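Chain IDs A, B, C and D follow the sequence of writing; residue 1 opens each chain.
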Amino acid sequence: MTNNGAQTGWSREEMAKRLAQDIGDGSYVNLGIGIPELVAKFVPDGRTLIYHTENGLLGMGPSPADGDGDPELINAGKRQVTALPGAAYFHHADSFAMIRGGHLDLSVLGALQVAQNGDLANWSTGEAGAIPAVGGAMDLVAGVKQVFVITQHMTKSGEPKLVESCAYPLTGRGVVDRVYTDLAVIDVSREGFRLVELAPGVTMEEVRARTGAPVLEARQSAGVA
Amino acid sequence: MTNNGAQTGWSREEMAKRLAQDIGDGSYVNLGIGIPELVAKFVPDGRTLIYHTENGLLGMGPSPADGDGDPELINAGKRQVTALPGAAYFHHADSFAMIRGGHLDLSVLGALQVAQNGDLANWSTGEAGAIPAVGGAMDLVAGVKQVFVITQHMTKSGEPKLVESCAYPLTGRGVVDRVYTDLAVIDVSREGFRLVELAPGVTMEEVRARTGAPVLEARQSAGVA
Amino acid sequence: MIDKRLPSAAEAVADVFDGASVMVGGFGEAGSPVELIHALIDQGAKDLTVISNNTGSGEVGLAALLKARRVTKVVCSFPRTANSTVFPELYREGFTELELVPQGTLAERIRAGGAGVAAFYTPTAVGTPLGEGKEVREFDGRAHLLEHGLTADFALIKGRLADTHGNVLYNKTARNFGPPMAMAARTTIVQVERIVEAGELDPEAIVTPGIFVERVVAIARPAHESQLIAAGVTYP
Amino acid sequence: MIDKRLPSAAEAVADVFDGASVMVGGFGEAGSPVELIHALIDQGAKDLTVISNNTGSGEVGLAALLKARRVTKVVCSFPRTANSTVFPELYREGFTELELVPQGTLAERIRAGGAGVAAFYTPTAVGTPLGEGKEVREFDGRAHLLEHGLTADFALIKGRLADTHGNVLYNKTARNFGPPMAMAARTTIVQVERIVEAGELDPEAIVTPGIFVERVVAIARPAHESQLIAAGVTYP
């Protein structure tokens, strides 16, 4: 991916910024722990999103200033946050009623693997002796209207994360709508992976070489969701 | 039941008063529409009951003084009531979670018929062309820990209301624990109806003559529930 | 900028379509969204399925919607009222179908629909005529009925106070079916006496979070059915 | 005269028995009833089944109860924590069994247990390892799993404020599992910073109605796990 010194690929922040462009004004959004959390920093001017955290808050705001936090006002990653005007607190059964009942517009999650049929693996490597922990990921992918994955295109050891079928234990079947990586934006269509947009300096050939399943050409009309 | 001019049987108020003696201090109680509502007037001194009305209030108090009512503060009979100190409002799904989940100690209901196995019919005569309406009766008898019926011993036309098996459509099967009538207090035991107490001036023979199923003698130890 | 306010009840119900399912809040007159229902009568949608605990009083509100022959089915726990013959006549005539549901099962089916729970097992109504034809299954030796979640195209609800995000507070026992219905409808429309800016309500005390509410309309002095009936009003 | 106050955490948990099931509120440290858990450690009950979203941090609170080898099973959605090896060691050793449940299914199972709903169908976890061995059934063409309601002998919950009738308010996201667990336990024990007389709380704003609460204990300045851990505290 060397390209005459010009930019190749997206940084984590750029991935988050690209994803943020695809979220409509007024959407109710749940951002997973890690890269997904960055999305909140890049929402385009003029759009207001309402953030849901599954531990019981709609209208979540950014981290508090040092010393202003409350250890009982936290997000799903157990980090201290704030509540914005218009916020509401509720209990866990109501919070997951929002998720399971299809009331959230978008869930943004990380991934270990995404399969071409939309299967997602993001909670366990299935490693022997590991302590299994699932949290709310299975509920989010089963219930939220749209599921975006944001992830590096390949693992640290150079394996594709977008694959024909997941080797890791599944979080949900056929649940992912779109994937944002350092190399491209890719839809999970009925026909399988389909390019939406390449990152700067990245070619379709490079994307295909780094993807474990076929990637279809972008549709002429492809673009913002 | 003439008895030398002395009292024979209980009035509605006396039935309610007799029933009220059997409710323990601190009980959570749902009183049905009609005679059951009278029970609240006769709770013995020193006992505090908390009244639940299924339309969303715990800590229901008596009717408001004239002109002090709020048409949006009503009981299940749609009559205006008040809220006592310690009251709480909640929605219908939570209200019936209290009922179905076994959190209420006692439900007091009227009856068309009670069978010797505890079956209750109190919502419909099954008459052709009648508009069926059930309200919360089936939920109450299925969920509340103890179900007391308060009713005249016989219908206006002189038919027994305590019967071998209900002819009317059921509200629930095997749900009634005890029946308070104008003639007696009668338990629904495993063996069938069993006398607990006779009203003043009423004989066991009279009770048996007016009951559509066998009535067993009171146990020596029978008394307050 | 999130602002779910609409300027009038008429605009709030403008897109209710023929054949729609409509949840209508209220228990008796407490919580009955009279102005939204009257706007729906004016709007004209017909062949509606109404999910509501009762069928209204006199010839105002829900009873008036029925009287206008707009409702071909009601899902309801208690369709009798002391002072209305509207539903009984439509029912006997065969114009309006009735699905009678125990009140707690009705509330739980609505909550389940809103919570993405397809179906659940309840002990209510086992062995009664309302359990006939339903799947029975034992859990811990006790028989339960399978009941299905209920959703609807629209919900018409009456609150007391809302903010521009659609967070809603209620008045006393007028809360009743409002919160579960707000969860279960695709388009939830709430009339309240007053709408404040986001941030003016205590986030700890909100009863229906705004995510469940699509539209709020201010009706400053809502009518109570009993007052309309006492004044001899019929609608339209 | 209804008064659900007990004078101390020790008295509040005195009757927890060996082999009891205990729901423990909290999500991370928010809402963790540290003082009630420490009283339970002192009390000595063992062979407990704990139902809780997490397994605690450091060696205080829930992690300390585990460390004391009192818990032989946890029902939990996320037993990993960054700063505790207590559960992983007990799990690997085979002392403490794990039933891993998706977080929303856990919350709904608890709510169902409290609401008298024996079981329900949810789309969560279909086709995943956590759905294996469970009944699958289609509703409207979509596969759902059958999940059962959960109840418990006791619940230990942290609120902010209560009254003598057991009505409870919470603090921000410390509310989390408190309300459904209060519904699902036969004996619900709530620690709060302050207990007021009945009538001092707004009946419109109560989160857990007193019918779900058997005992309230005032713990004026409850500890937060993170502060204890930062101070190097381990319990006992």
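Going forward, contacts are C-beta pairs under 8 Å (C-beta built on N, C-alpha and C of every residue); 3 or more make two chains touch, one makes a residue touch a chain.
Model, not experiment: these values are computed from the prediction.
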Labels of chains that are neighbours to chain A and to chain C: D
Chain pair with the higher count of C-beta pairs in contact (A-D, B-D): A-D
Most remote chain, CA-based centroid, reference being chain A: B
Computed distance of Cα centres, chain D from chain B, in Å: 36
Centre distance in Å when chain A and chain D are each reduced to the mean of their C-alpha atoms: 30
For chain C paired with chain D, centre-to-centre distance based on mean C-alpha positions, whole Å: 34
Computed distance of Cα centres, chain B from chain A, in Å: 56
Junction residues of chain A, two or more chains touched: 57, 83, 89-90, 93, 96-97, 99-100, 142-143
Per-residue overlap in chain D, given as positions that touch at least 2 other chains: 108, 111, 115-117, 122-123, 170, 172, 204, 207
Touch-based graph of the chains, sorted into line, ring, star, complete or other: other
All touching chain pairs, where touch follows the definition stated at the start: A-C, A-D, B-C, B-D, C-D
Complex contacts: residues of chain D adjacent to chain C: 108, 112, 115-123, 139-140, 142, 144, 148, 169-170, 172, 202, 204-205, 207
For the chain B and chain C complex, residues of the former touching the latter: 53-57, 70-74, 78, 83, 89-93, 95-97, 99-100, 124, 129, 131-139, 142-143, 169-173
Complex contact set, residues of chain A against chain C: 26, 28, 48, 50, 52, 57-59, 83-90, 93-94, 96-104, 142-143
Residues of chain D that touch chain B when the two form their complex: 1-2, 111, 113-117, 163-165, 167, 183, 197-199, 203-204, 206, 209-212
Of chain C, residues touching chain B in the complex: 27-31, 53, 77-80, 87-88, 91-92, 98, 100-105, 107-108, 110-111, 122-130, 170-180, 207, 224, 226-227
